[in-house]
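Letters A, B, C and D mark the chains as written, and numbering starts fresh at 1 in each.
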Amino acid sequence: MNFDLDQEHLDLAGGAREFLAASASPAAARAALEEGAAVRPGRAELVKSGFATITIPESAGGGGGSVLQLAVVAEQAGRVLAGPSLVTFARAAVLLAGDSRLAGLADGSLAVAVADDDGPVLDAIDGDTFLARRDGALVCGPGTVTAREPIDATRGLGDVALGETVVLAADAADRWRRGERVGRTILAAEGLGAAARLLEMGVAYAKQRQAFGRLIGSYQAVKHLLVDVYVEVEQLRSLVWWAAWAADRAPAELPLAAAAAKAAAATTLEHAAEAVIQVHGGIGFTWEHDAHLYWRRAKVDRFLLGDDVAAFDEVARLAMEATR
Amino acid sequence: MNFDLDQEHLDLAGGAREFLAASASPAAARAALEEGAAVRPGRAELVKSGFATITIPESAGGGGGSVLQLAVVAEQAGRVLAGPSLVTFARAAVLLAGDSRLAGLADGSLAVAVADDDGPVLDAIDGDTFLARRDGALVCGPGTVTAREPIDATRGLGDVALGETVVLAADAADRWRRGERVGRTILAAEGLGAAARLLEMGVAYAKQRQAFGRLIGSYQAVKHLLVDVYVEVEQLRSLVWWAAWAADRAPAELPLAAAAAKAAAATTLEHAAEAVIQVHGGIGFTWEHDAHLYWRRAKVDRFLLGDDVAAFDEVARLAMEATR
Amino acid sequence: MDFDDTPDEAAWRAHVRSFLEHHRGEHDAARAWQATLYEAGFVGVTWPVEAGGRGGTPMQQAIVDQEMARLGLPSLVNLIGIGMCGPTVIMHGSDRQKERYLQRLLRADDLWCQLFSEPAAGSDLAALRTRAVREPGGDWRVNGQKVWTTLAHLADYGILLTRTDPDVPKHRGLTMFVVDMKAPGVTVRPLRQMNGDAHFNEVFFDDVLVPDAERLGEAGDGWRVALTTLMSERLSLGGGGTSIGPKPEAVARHVAEHLGALSADRQALARQELGRGYVAALGARYTGYRQLSKLSRGELPGPEASAGKLSGTRSARDLTDLAVRVLGADARVAATGDGDRTWPTMQAVLPGMAIAGGSDQVLRNIIGERVLGLPAEPRTDKGVSFKESLHEL
Amino acid sequence: MDFDDTPDEAAWRAHVRSFLEHHRGEHDAARAWQATLYEAGFVGVTWPVEAGGRGGTPMQQAIVDQEMARLGLPSLVNLIGIGMCGPTVIMHGSDRQKERYLQRLLRADDLWCQLFSEPAAGSDLAALRTRAVREPGGDWRVNGQKVWTTLAHLADYGILLTRTDPDVPKHRGLTMFVVDMKAPGVTVRPLRQMNGDAHFNEVFFDDVLVPDAERLGEAGDGWRVALTTLMSERLSLGGGGTSIGPKPEAVARHVAEHLGALSADRQALARQELGRGYVAALGARYTGYRQLSKLSRGELPGPEASAGKLSGTRSARDLTDLAVRVLGADARVAATGDGDRTWPTMQAVLPGMAIAGGSDQVLRNIIGERVLGLPAEPRTDKGVSFKESLHEL
């Protein structure tokens, strides 16, 4: 066993951080919210960078890489609230496997989004090609998108009314589920990055702000709040790596690992955002501070790809099944 | 509005504290657990003191007092882990209203316990007369008691197999429900006393024990733990007083108030016991320390008269009904 | 013990109710509405008669508040003036100040704000840096910045806490003033919160001249004066049985409306959450009633009143979270399909509630030390002059 | 990244598994069982060869542990000796001590205990008072009391931390010894925990003579020696992916067995609780695997290993609470109708887990300061001699 990132992953993370930190930021997320500015880095840049298409086979023009590699990149995307989500690319890559449209996803000529059956769709806003389920079949087609007033504008949520669709696969249940699970893994990786970044912000502030003659990080009330976030973030990191590894190497473990990672990401990111706002005091709940942009991400992401409640329920069902 | 105890109540509390502190104690609870010693002060003493029979009308030989008065006494009983529970007397007084057996409850010639439909019965161990529900009717009769290995020996829990019963009331639904709600109120009052006593123990220890050159109560980690218990205890106190007042004066408010008090007592006593063991460190989880006797009370009481989950559910249902 | 109105209270309630029902249409003109209520004797109920008040009881004030809430009427426009600034002027002001300000404040002829917090002085209020320097003529020149000032953009006057002596320990070098918000050198800038609204302001003081006659209390005695203000504030946050955040009944109604759309499993989970939040909210409410009863007997509000804010903030957060969750897929966006923004908006306001008016951490210290009598932490800033403390770290 | 055994690890696992399956019947005689395993090379896997160990990797040790757990075999009787006392002797003992003690310890010819905690020195271990005074001949006379000593009633030897110089600050006046538990003046009394069991002891030292040759490290250097022991302990509590309290799989099995007896609403609630506890337990387990991977690359266990204990204690408590709840009405008593005491017993053990081996509060300080780099609290006991500190408060 060697449960840690290899040097190859660390190099990939470094490259992704460099690209994403230059092309996305909390400031861009604020501008998207405030002025409807475009989400950064945006589809075209993400595709061009090669990061969005890592899991697409080389034969279709993608990177031919692993889910773990994409998860490593997704953590970096979460740190800077990048959009559109790598979740969208990851799911689409699974659903379009073997289809000629996969090349369109890889070269950026198609702007794909995956429409779940319930409510506003992730990255629908600038989508032109929608994948959906119809009576158990996987279908694809254009759609009319109605933007919804955003909590987190980087998620591009909109209602989708599908136009004329074609059937890509008649019985797509397994493929759809794998897409969801890979999507949950990448969503959790983005949540990991956001939560880890929040923790850094909180720790940095606690080392610099003083009250009553001491740095506030020396108070147990502040210190222990941040430690609890640290513990959650590190455990989330372990679950994300496990789920990504399982997606690549141990499909039987993926359902449990992906549900666990999804659930842990939802609660960890929410706890991190609330704790870090609290540590910052008044400045933490101002519009100009970055904390609320991560808080917004937390409040939205917890409801994507099933909510935390559904994920915990699934973990319990799978855990009980495994004992039979 | 004057939502506070009157002088009459304060005097009653003082008298009850004096009697109960002399006749019951955590040490007695430990002896009951260790050697099967009798529960203190025991039925006979409790009846003789007049405290157990406060809510029985004077015409039947009782005190003719209020549920609020009994709640004031029950708080003192909870402080010293007295047994049998005043819950048993309070419920029996409601169920036997108008029946000749009520005088037997008042003069101590009958040892009554109330058998719910599920599992081990409170104060069954030394009971000779059992009240129960059969097909909607209120029945009464002797029973065979099988003692159960106790978590908290002061609760006298045993399985009851009823012998030949007589029907006291054919349609006893309302009376049974009132008995439960008055019982929940008194149970919550006993829980209040136990939780308040735990808090005192924790605060006293935090003012006296030192670590790393300071009294441990000066550390925020300890201080805030105790403050959170304080806040819960004071809110429980308010809910107990409200429920008892409602039992006497505002029957329409009793269902919500009793369910809220029951639920709050379950969680508050549990939190208090766990926090105060934690504050005490190693000494807190020794057999010789009193903390675990209160912890045992918490672990049992939360499941009496319906568990906390059932009580929270009932609060929600009543709250939603009230908005219609 | 009893929850019923006394005969006096019942008569007062009937009077308040009938008046409000008759005049409820007038509340849109906020200042005029307050003046109307003042003329009716419903504003500053507990203020002394000589200060323009009614000399009434906290219970009478609570009855007014309850009847206003029953009709869904908004809070008074000058609430901070009535709840915090006025009581400070009553306690520490000169006769001229009382004469000049109090009645106009109650009538909302003048609006007031409170200028205490600063960017570098949040929880540690006494670390504030806004300087007031005595001029040769005896008046004061003020420079500095305040923050989190509600209503500053509309206010006519404010009570302003300044540092007048940096060479003594921080609590001893402060002085309080009444400041004219229209005076030259006062600049107000709105400050947006995380939900996008601007309920607060930053206020900049740039060589603002304040007459010595507008000093409140002695020079150097500002901390003691500020404690009067803060004690008054304590009662208005989670005290007296008022709810922090949403009323639990409103959440129960909202959940009841949406419950049918949920699966049976989700209904059970929603009821658990509602039950837990509701019990906490009831606990806070009835604990507030106990405080109110004490006040009505003439007891002062103690530090235990802060417990209401501590638990109220938590239950408000939990209840609001439930209210958002039952929106289902709409919970991901800022407005439902019908355009309802109530719960997402409430959700975005609550993180501030655990900070404003005393952070959870500071309130726990206060209760731990002043109610439970636990020892204070060792202070590293005791006896150090304010000036030195700036260079300590 | 991979979770698979390397070829070497796989071979080791096959060897361990086959040996254990062949010898599993022998574990009832605890000392003999340990000796059998020692001869097989399964005890002290990571100890150096010259200390009687195998010079193996933490992963090889983990494989032994996993295979033992797979067969439901109990822990080794001398676990504290192997995990804490032995490593301390290896690091700080004389050649004579190593020669005399180490191999016998691994074979369980001698059992060992660790004598650090005292009634007045729990979290603040360095405040201990047990005195060792140098005799004219150079040996030491020990008086004092230790507490929470696992296995003291059976142990042949213990490592004993004493105060030898009360006139210097508390961390500097300590000295560590190996003490013969059968020596005159050593009295062991069982100490009952809240669940009624007596896993711990009090140990009294009454003029016990300890030869200077049994000193571990220099006089006055006891704190540094103790840190070796404590670092070894850290790994054995919630580190390396082992569970604190019940295994989550065991809870899942138990819940699955009882779920059918619950209402549909209760089933939904039980699944939520199981899911939450299970995710936390998995998070702790896989974080432990990351630590194990680091150790196998030769990195030292850092303070972040304590995170596993912190979260493991919490998830163990929540999972056990669920396991008790699904017993229904039997949850009120200490044994089910069938006489099963598993879950009530586990419930009564867990409060101690948040205290023993570093309380939650102390672990949070350590992680906050040593992992996150947050500033320490001001210390009031720095530089004060131990003797003075006793009179400080």
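Definition applied: contacts are C-beta pairs under 8 Å (C-beta built on N, C-alpha and C of every residue); 3 or more make two chains touch, one makes a residue touch a chain.
In this text, all values refer to a predicted model and were calculated from it rather than measured experimentally.
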**Prompt:** Is the C-beta contact count larger for B-D or for A-D?
**Reply:** A-D
**Complete:** In terms of mean CA position, the chain most removed from chain A is B
**Prompt:** If you average the CA atoms of chain A and of chain D, how many Å lie between those two points?
**Reply:** 39
**Item:** Between chain C and chain D, centroid-to-centroid distance (C-alpha), Å
**Value:** 51
**Message:** Can you compute the centre-to-centre distance for chain A and chain B, using the mean CA position of each chain? Integer Å is fine.
**Reply:** 50
**Request:** Going through chain A residue by residue, note those that touch at least 2 other chains and give them in order.
**Result:** 214-215, 219-222, 224, 309, 313
**Residues of chain C touching at least two other chains** = 265-266, 268-269, 272, 361, 364-365, 378, 380
**Prompt:** How about chain B: which of its residues touch chain D in the complex?
**Reply:** 118-120, 148-151, 155, 157, 210-215, 219, 221-222, 274, 277-278, 281-289, 291-292, 295, 299-300, 303-304, 307, 309, 313
**Request:** State the interface residues of chain D toward chain C in the complex, per the touch definition above.
**Result:** 264-269, 272, 378, 380
**Footprint of chain A on chain B - complex, ascending** = 219-221, 224
**Request:** Using the touch definition up top, name the residues of chain C that touch chain B in the complex.
**Result:** 1-5, 9, 59, 248-249, 252-253, 255-256, 259, 268, 270-272, 274-276, 278-280, 282-284, 286-287, 289-290, 292-294, 296, 304, 307, 310-311, 361, 364-365, 367-369, 371-378
**Item:** Contact footprint of chain D on chain A as seen in their complex
**Value:** 1-6, 9, 68, 203, 206-207, 214-215, 217-220, 222-224, 226-228, 230-232, 234-239, 241-242, 245, 249-250, 256, 260, 263-264, 309, 311-317, 319-320, 322-324
